[in-house]
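Shared chain: chain A. Partners: chain B in the first complex, chain C in the second.
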Partner chain A sequence: MTTVTEVIATGVLLGLIYTLAALGLQVSLGVLRVLNLAHGIIVIAGAFFAFDLLHAWHITPLLAVILALPVFFLFGLVLDRGLVQRVRRVSEQAVLLGLFGAMILLQSLAILTWTTDSRSITVSYTNSSVTLAGVTLPADYLVAAAAALVILGIIAAALRFTMAGRAVQALAQNPEAARVLGVNVDRWASIVFGLSVAVAGMSGVLLADVFPFSVQEQSQWLAYAFIVVLVGGTGGIRGALVGGLVLGLAQSVFNQVLPLQYVDVVVYGLLAAALIVRGGGLASRRERAL
Partner chain B sequence: MTAAAAPAQARASTGIRLADVTAEYVPRQPTLSGLSLWAAPGRITVILGPNGSGKSTSLKVMAGLLQPWRGKVEIVRGAETHDLTGAPCHDRARHKIAYLPQGHSVFPAMSVHDNLVLGAWPLKRDRRAAAAAIAAAYERYPMLRDKRRVPAGSLSGGQQRILEVARLLVADPDLVLVDEPSTGVAPAVASMMYVELARMRSEGRTVVLVDQDVRSALDIGDAVYTLRSGRNDRHGEVSEFAGDVTALAREWLSAGPTASEEKGG
Partner chain C sequence: MTALGRTDETGTASQAAGPGRGPALFRRRLVGMLAAAAAVALAAAWGSSFGQVAAVSIAVIVLMYVALAGGWNILGGYAGYMNFGTVLFFGVGAYATAITSSAWHLNPLLTAPVAAVAAAAAALLIGVASLRLRGGYFAIATFILTLAVQSLALVLGITHGAQGLFITGLGISPIRATRVFFDLFLALAVVAILICWVIERTRWYSALIAIREDEDAAEVLGVPTTRYKLTALLIGAVIAGIAGCFYAAQIYYIEPVGTFDFNISLATVVAAVIGGAGRWYGPLIGAIITELLAQELFVHVQGVYSQLSYGILLIAVVLAAPGGVAGLAQRALRRHPAPERPEPLQPTAQPLTIPATDKEIP
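Let's look at the complex of A and B:
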């Protein structure tokens, strides 16, 4: 029998994972006003990255998370310099279309590489559980959520306490003033985009630890990220946490009270409801705070 | 070299020149056509003109926010001349050029302190110098110290202007470009801004001031340029203009709508 405490604790763990999985989209939108439609496929690429490293070299997901940082950061830089910065001069719609194209292209490449089969990762703690103060929780959820929490903490501290973090905040709040003070805005925009892609890839590695995944599920991860941003706003990590926890708790609760096939309907209903409640769109101006 | 109050004689040597500058927002619709002006070291040079004459645009060209299509931007430091034409805006801070835009430019969700820390961006490799410069800013404006943890966006309009001035002084600029300091602020704040500009000059900084408030600008300025449709009109010492102020202002007011300057023409 699952207790209420267990449902809530599971929801919180899921929420932390969802927060990290949405953060890349939220950061590129909140800081750069770039809606990265390739976000979902990058998350899934992170999951396959974890799968391939595990099977080729027996590299565990927790090490793969660290390796994903430079690999996906470089990929983000290439995507930014090769596509986003170029089309950005044309118009905002051009960026959206360009990234939509990138998403389709990356999805095709991913299907060629990894096929459409669903995979899952089995490691030492898969299917085991941990009992803490009478609450039994799946170990894989705990590990992934703890890793997500560590990564979120590092990012939050870097944003707040380092010069680079302040530059990123300035970029989000008033890019022209930042430029005038001497911040090389174009370079920092590339770094931010690269990091947003890196975080998306890292979150994919953690997701692979917990859920089965396939290439075509990328649209689900993009939609989840939309939900998190719509609920929590674009105002930094605190906002992402609000959105992520709402999504995680909602899913965890509905999993108990509804037949499984309805859970997705309700979750996407949440997306629709959030869209209606927030008439201002994905990123309203007063929220570009970070 | 980083303390905010270096002696005037050690500094007063930086001037900026626009040479035959043509610049445009919209292709083939130049906002500035062949504009030339020289802001001499240690003085306040005032740029005046009717709405849409290109005053703010000329300042943006100096600040590197708009690249000239033709002509040159040069900074003169003693006997040396550096060509800044085509150099990106973020390089200006390294050249000790600061720009105070029209309206609010604080980072609203960041604390007052973090705003000042960003003012020290050019000093970021020298933590000690940055800390000293920020301490000097608090010394100069004690109000900011009391509000250091408050989000900048929650300050009053006048306090935000003080923060903007303090933030640009953290990098100890030799040249300060100021766009419309009195527009949209209370009269008390406006007069405070002119006091600050005079103080910058007394510290040996060079000031270029674009202003709608002709009388206040001439009260404080040393040299004057007037623009008309993006071209040079007249220039000279303030004393040569003093008698014409009323006539000039009246003429400009009747020359066009008083609403938003720039962009359009």
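Let's look at the complex of A and C:
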């Protein structure tokens, strides 16, 4: 019998995972004003990265998270230099279409590499549970959420306390002023985009711990990330946390009170509600500050 | 099919307008219109009588995407709002046909108006909610709303969930049916292209372009942006809804996964962009190229390779030829400036005077 506390605790854990999974999309949108439509497929690529490392070299997902950072950062840099920086010079529509093309291209390459089968990862803590102060929680949720929290904490600290973090904040608030004050805007834009892709890939590794995954589910992860951004706004990690926790709690509660097939309908209903409520207020200057 | 491409003539006729060329302009327009009508008549004759059935059935798919991409072009091409959810309206139309034709024991084709109204209602609901969002947000919202409607169709009682719905057949032989659907989709494609052609000759076109170039400025100048965007979405949705009705009548059976297939939205966007978004003949060229390519790849390798090539083509077009094939052709010909870029005002040394004339302005 699941208690109310357990439902809420599970929702919070889910929320932390969703926050990390959406952070990449939110950062590229908030800082660079680039809506990365390839976000979902990058998250799924992270999950397959974990799967392949585990099965080829028995590398545990927790180590794979760290390995994913340089790999996906490099991939992000390539994507930025090869496509994003170029289409940004053309027009807003070109950015969308270019990244849409990237999403389709990456998805079909992923299907050719990994097929459309659903996979899941089994590690020592899968299917076990931990009881903390009378509340029983699934161990895999706990591990993934803890790792997500650590990564979120590191990013928040880096943004706040390092010179690089301040440059990124300047870039988010006013790219022109940042340029005048000596921030190499193009270079930092590449680094930010690379980091946003890296975070997306790392979140994919953590997701693989918790959920089964397949290539075509990338659209679902893009949708979830967008819901988080829509609910929480583009105003930095705090906003992402709000959006992620709302989505996690909503899903955890609806999982208890609704038949399984209705959960998706309600989650997408949440999107519709967020759309109507927030409407034009999105991405206004006020919300762009990190 | 290529015969339809000859209708290009009419598109350039208005560019030739100049002083004293009234009769010549009229003649060129007339010739263009006659050529277009002749091409359509020829295509109709080919499809409904002597064309090979295999070729006609491929042409049916091409024409469906000409119609869908033409409808997409109004909001996506002119106003610059990328709709990644064409299949939503297509699917709503298909379901409206399936539900009403079995409930009222009607020929499914007679429910086309119902499909159109249902798609328009869906567009109104979605447009009011999402058209306040700018550019990218609108694009991704349409993408996700497609998933929402699909998951709704999977659980609702009226759609029979994953079991899907059967549609009564037309009671004619499959070969006859292929020819009938060729004519229907041809008519829809002609209407869609004609709507784009007419729009390009109205003030409304300038307003949509203004929205694409700078929406804030357009609004300040008095363009009712939200209403115009909504109307553009509505027209595209109605065309997609009717296409969905035809589709449902053609395949007899629909279910959520195949009917709300995201690949239909994808193929629509790719056709319009590769052909040349924002030009009335762009969707026509694009749909022919992309669907014939997809057909070849599907027959010879695997379906996933058509997605792969769509992705590569999209990136290549965006980076190398933002105007699509139509833009490339125009650049090669040079003679015909794009209709969306009006000629810049020439600075004149003399003060501007209006000569007195009794001539009527054509």
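Keep in mind that, in the parts below, the second predicted complex is superposed on the first by the 288 of 290 C-alpha atoms of A that agree within 3 Å, B and C clash if a C-alpha of one lies under 4 Å from a C-alpha of the other, contacts with A are read in each partner's own complex, and residues count from 1 in each chain.
We take it that a contact is a pair of C-beta atoms (placed from the backbone, for glycine too) under 8 Å apart; a residue touches a chain by one contact, two chains touch by 3 or more.
Just so it is clear, the structure is predicted and the values come from calculations on it, not from any experiment.
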| item | value |
| --- | --- |
| Chain C versus chain B, contacts on chain A by residue | C |
| First, second, both or neither for A:91, with chain B first and chain C second | second |
| Partner chain(s) touched by A:55 [first = chain B, second = chain C, both, neither] | neither |
| First (chain B), second (chain C), both or neither touched by A:238 | neither |
| First, second, both or neither for A:178, with chain B first and chain C second | first |
| Doubly contacted residues of chain A, that is, touched by chain B and again by chain C | none |
| Of all residues in chain A, those that touch chain B in their complex | 163, 166-167, 169-170, 173-174, 176-185, 235, 289-290 |
| In the complex, chain C residues that touch chain A | 80, 82, 84, 129-130, 132-137, 139-141, 143-145, 147-148, 151-152, 154-155, 212, 262, 266, 269, 273, 304-305, 307-308, 310-315, 317-319, 322 |
| Chain A residues within the chain C interface of the complex | 29, 35, 37, 83, 86-87, 90-98, 100-109, 111-112, 219-220, 222-223, 226-227, 230, 261-262, 264-265, 268-269, 271-272, 275-276, 279-280, 282-283 |
| Residue numbers on chain B that touch chain A, as the complex places them | 63, 65, 88-94, 98-99, 101, 105-110, 114, 117-119, 121-122, 124, 167-168, 171 |
